[in-house]
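As structure tokens, here come the structures.
Each of the two complexes below includes chain A, the first together with chain B, the second together with chain C.
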Partner chain A sequence: MQYKSQAVAKPYFIAAIGLFIGQILFGLILGLQYVVGDFMFPEIPFNVARMVHTNLLIVWLLFGFMGSAYYLVPEEAERELHSPGLAILMFWIFLVAGALTVLGYLLVPYSGLAQMTGNHLLPTMGREFLEQPTITKVGIVIVALAFLYNVGMTVLKGRKTVVSLVLLIGLLGLALLFLFAFYNPDNLAKDKYYWWWVVHLWVEGVWELILGAILAFVLIKTTGVDREVIEKWLYVIIAMALITGIVGTGHHFYWIGAPEYWQWWGSIFSALEPLPFFMMTVFAFNMVNRRRRNHPNKAAVLWALGTAVMAFLGAGVWGFMHTLSPVNYYTHGSQITAAHGHMAFYGAYVMIVLTMISYAMPILRGRQAANSNLSQVVEMWSFWLMTVSMVFITLFLTGAGILQVYMQRYSTDPLPFMVVQEKIALFYWMREVAGLVFLIGLITYVASFFVGGRQPEPKATAMPEPAAG
Partner chain B sequence: MSQAFTKAMARNIFYGGSAFFILLFLALTFQTHKAWPERDNRQNITASVSAGKVLWEENNCIGCHTLLGEGAYFAPELGNAFQRLGGKDGIKAFIMSRPKDGIPGRRSMPQFNFTEAELDAIADFLEYVSGIDTANWPPNIQG
Partner chain C sequence: MPRSAELTAGAGLAITAESLYLINLLLAPGIGFLALLWLWTRGHALAPPLAAAHLSQTMSASLWAGILLVPASGLILLLGDHRSPGVWAVVIVYFTVCHAALVLCGALGLAKALAGQCWRFPLVGRPLPAGCNTRG
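Moving on to the complex of A and B:
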């Protein structure tokens, strides 16, 4: 570790992995409820389990982003973090607030939680992904501000690199756009329109900047390719992300009361949204091919390449599949959407956080650059188990979605929702089995932190020279 | 990437492109605001509809249902529930009829024990939603 204060990243990463486990357990409950409708009813109804599943995902990714920033920024700025104490304080505030919120979901009926937390004073609850009590949302803003101050001061006082600048723009956008979570008009068309300013402009906007910056950092460190080259790529990728993604928000405005010209704007620009993800794939493989050395942390390089491929498949390919408005007319709000959501979140955001953890954690735990071979082999097993099972989760949901769309919306004799759900139950069962394999992969991942701790780390080797070009 | 294409050029594309498309997006949003009064059924947002929206939110209905196609995919679309269930009375009757302990082996909506006024508010809210111009979505009555 080059700077002592980078150590604050460690609790963030540990919390992220802990919450990830919770997220997956609730995902398995949800998957079972799809086929055994009364499972855990009425104690944990579907909506509660889903809220826990999605909110844990968001919170653990935020822990992962913050941990990544705390690790990466001192090294880029070439100085200690502005205030390690503030970072630790915010860690505990965020963790306790997150835990209390999830306990609130599980222990109190949601309407009771709304009463307890005074939702009537500023009603923001009960909208997808923004279910948190208003007080929790205020807490998120405070944590985000303190975090931005801490990271921003570090960058301002130190060396300013493209990587830290892009990361900072992404995080600033994340915090600013979250403020739209507090806007909840009675007019549903407006409510939905601005709700997407949080949701879409996060995951198909500023989060891509965070993703790009972290990926660039890990590639600089593991390949030894000239920073100038990597930073040029980073600029081009994030330029494409925002050029396509901002107006691409229109692909959510087709059927929610907004004017119909959005079908053109949304279709054309979101059809281009796969481009930055495709470039990211080309970028990652190019940089690894041009590497100056073989970094001893092979697992981290695997995660980095995996992120680039899976983000392209999940966000790019599975997103394009249903983004054109004539197609979306039939697929909107079906299991096709669920399929895309799963692979896109896993491929882009879960995997980039795991890439950063894979790169940083051995160093945070006192190693030179990498875990032992044994530990890395176990970690790479977990990579394949989770990634392949996520591909199958996506494929089974896609199968379910195609049948659902056909029977419920496309055929000449459309069937009711629940009738269709029963007819496609086989696919839900298969998805649950794939989910169990994912859990095995996650357990394997956690195990990789506890094996081979005493064994030596592999050595870095130089690449034979004329690889330049 | 070729040497002729410099980092400064890439940076300028990022800042210039982002700024341009943010402005375009804001202009389209401005236009959307002007188009909404014709489409968003705002003239029918009564006090009861507003109260219904609060109930919709404070019971996390979106955690199972979709509304105009957004939400969870566990239970039927409700943007057209007003038409599908046969108006306000149909909606109220369905919500009231839910068994407290669910239905063995099957999905079932919880029993929320709403008052008559609350049931009216939720039905009014769903009636208002059904009047939003959604460009003919969903494709048919099944949602």
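Moving on to the complex of A and C:
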């Protein structure tokens, strides 16, 4: 580890993995509730399980992003973190607030939670993904501000690189856009309109900057390719992400009562949204092809390449599938959306956080650059188990979605929602099995931290001369 | 010519071939293929190994893509009942997976071409010519 203060990233990564496990367990409960409707009812009703599943995802990704920033920024800025103590304090505040919120979801009826936390003073609750009590949202803002101050001061006082500036812009955007979570107009169309400014502009806007910066950092470190080359790619990728992603918000405005021109703007710009992800794939593979050394941490390189491919498939291909307005007219809010959501979140954001953890954790745990071969083999098994099972989850949900759209919305004799749900139950069962395999992959991933600890790490090797043949 | 320069000669042609393959799949089906065909007829015999390899790979993969995407999808609809939602589920998932896999192979091929290296498409690619740089 080049800078002592990078160590603050470690608890963030551990918390992220812990919450990730929680998210997957609730995902499995939810998956089963699709086919066994009263499973765990009334202890964990479907709406609560869904809320915990999605909220845990957001919170653990935020932990992952913060940990990544705390690891990456000192190294890029070539100086210690401005205040490691503040980073640790914010870690505990965020963790306790997050845990209390989830306990609140699980132990108190949602309306009661709203009453207990004084939602009537500034009503912000009751909206998908932004279900957190207002007081938790205030806590998130405080943590985000302290985090930005800490990271920002480190960058400002140290070396400024494209990677750290892109990351900082992404994190700043993340914090600023979250403020729209406090705007809750009575008009439902307006409410939805600005709600997307948080949800869409996070995942299809500023989070892509964070993704790009972390990917660039890991590729600089593992391939030895000139920073300038990687930075040029990063500029183009984030420019494309913002150009397509900002106006692409329009694909959420088709049916909420917004003006009709969004049908065109949303369709055209969001059809271009796969471009930055496509470029990211070419970028990642090109850098690895041009690498100057074989980095001993092969698992981190695998995660980095996997991120690019899965983000392209999940966010790019599966996003495009239902983004054009005439298609979305039928597919909106169906299982096709769920298929896209699962693969896009996994490919773009889960995998980039795991990439960073894979790269940084061996160093944070006192190794030179990588875990032992045994540990890496187990980690790579977890990569394939989780990634392949996510592909199957996506395919099963896609199949379910197509049938749902056809029978419920496209057919000349449409069937009621619940009748269709029964007809596609087989797909939900297959999705659940794939989900169990995902859990096995996750357990394997956790196990990789506990095996081969005493074995030596592999050494970096220089790349051989180009071979003809 | 230095050995490294010899190995990357034809990189421009290789990149163009991979780009046209992707254009055919993503932006201008048919037109991209015709442009690739024109490039292939002009260049494949005389081009340096890197360019010859990418031209031959993209040509072969484009022909396979045509078969896998159009007649095969049509056949599924023809053999199944095109009024059945199940058949549509199969054909849409098949087309999406096939198309995405072909695009992904093109992206990897483009990355290889940009790095001045040869690339053999999995399953649908032809054997690489002698003298190809296969580093990495």
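Note that the second predicted complex is superposed on the first by the 464 of 469 C-alpha atoms of A that agree within 3 Å, B and C clash if a C-alpha of one lies under 4 Å from a C-alpha of the other, contacts with A are read in each partner's own complex, and residues count from 1 in each chain.
Definition applied: contacts are C-beta pairs under 8 Å (C-beta built on N, C-alpha and C of every residue); 3 or more make two chains touch, one makes a residue touch a chain.
The structure displayed is predicted, hence computed values, not measured ones.
Asks: Just from the overlay, do chain B and chain C fit on chain A, or is there a clash?
Replies: fit
Asks: Give one of first, second, both or neither to describe whether A:Gly399 is in contact with chain B, with chain C, with both, or with none.
Replies: The answer is second: A:Gly399 touches chain C but not chain B.
Asks: In the superposed arrangement, does A:Pro326 touch chain B (first), chain C (second), both or neither?
Replies: Once the two structures are laid over each other on A, A:Pro326 reaches no partner at all.
Asks: Touching A:Val309, do we find chain B (first), chain C (second), both, or neither?
Replies: second
Asks: Between chain B and chain C, point out the one touching more chain A residues.
Replies: B
Asks: Does the superposition put A:Gly366 against chain B (first), chain C (second), both, or neither?
Replies: The answer is neither, since A:Gly366 touches no partner chain.
Asks: Could you tell me if A:Arg290 is touching chain B, chain C, both of them or neither one (first, second, both, neither)?
Replies: Only chain C; A:Arg290 stays clear of chain B.
Asks: For the superposed arrangement, tell me the lowest C-alpha distance between chain B and chain C in Å.
Replies: Between chain B and chain C, the shortest C-alpha distance works out to 8 Å.
Asks: Hey, what residues of chain A end up touching chain B and chain C alike?
Replies: Correct list for chain A: none, the interfaces share no residue.
Asks: Can you list the residues on chain B that touch chain A in the complex?
Replies: These residues of chain B touch chain A: 1, 5-7, 10-11, 13-14, 17-18, 21-22, 24-25, 28-29, 31-32, 35-36, 39-42, 45, 49-50, 53-54, 56-64, 66-77, 100-108, 110, 112, 128-129, 132-135, 137-143.
Asks: Where on chain C is chain A touching in the complex?
Replies: Result: residues 3-4, 7, 49, 85-86, 88-90, 92-93, 96-97, 99-100, 103-104, 107-108, 110-112, 114-115, 117, 130-136 of chain C touch chain A.
Asks: Which chain A residues qualify as touching chain C in the complex?
Replies: These residues of chain A touch chain C: 278, 281-286, 288-291, 309, 312-313, 317-318, 321, 395, 398-399, 402-403, 406-407, 411, 463-464, 466-469.
Asks: Give every residue of chain A touching chain B within the complex, in rising order.
Replies: It is residues 33-34, 36-38, 41-42, 45-48, 50-51, 110-111, 114, 119-120, 123, 125-128, 131, 162, 184, 186-190, 192-193, 228-229, 231-233, 235-236, 238-239, 242-243, 246-247, 249-250, 253-260, 262-263, 265, 329-330, 332-335, 337-338, 408-410, 414-418, 421 of chain A that touch chain B.
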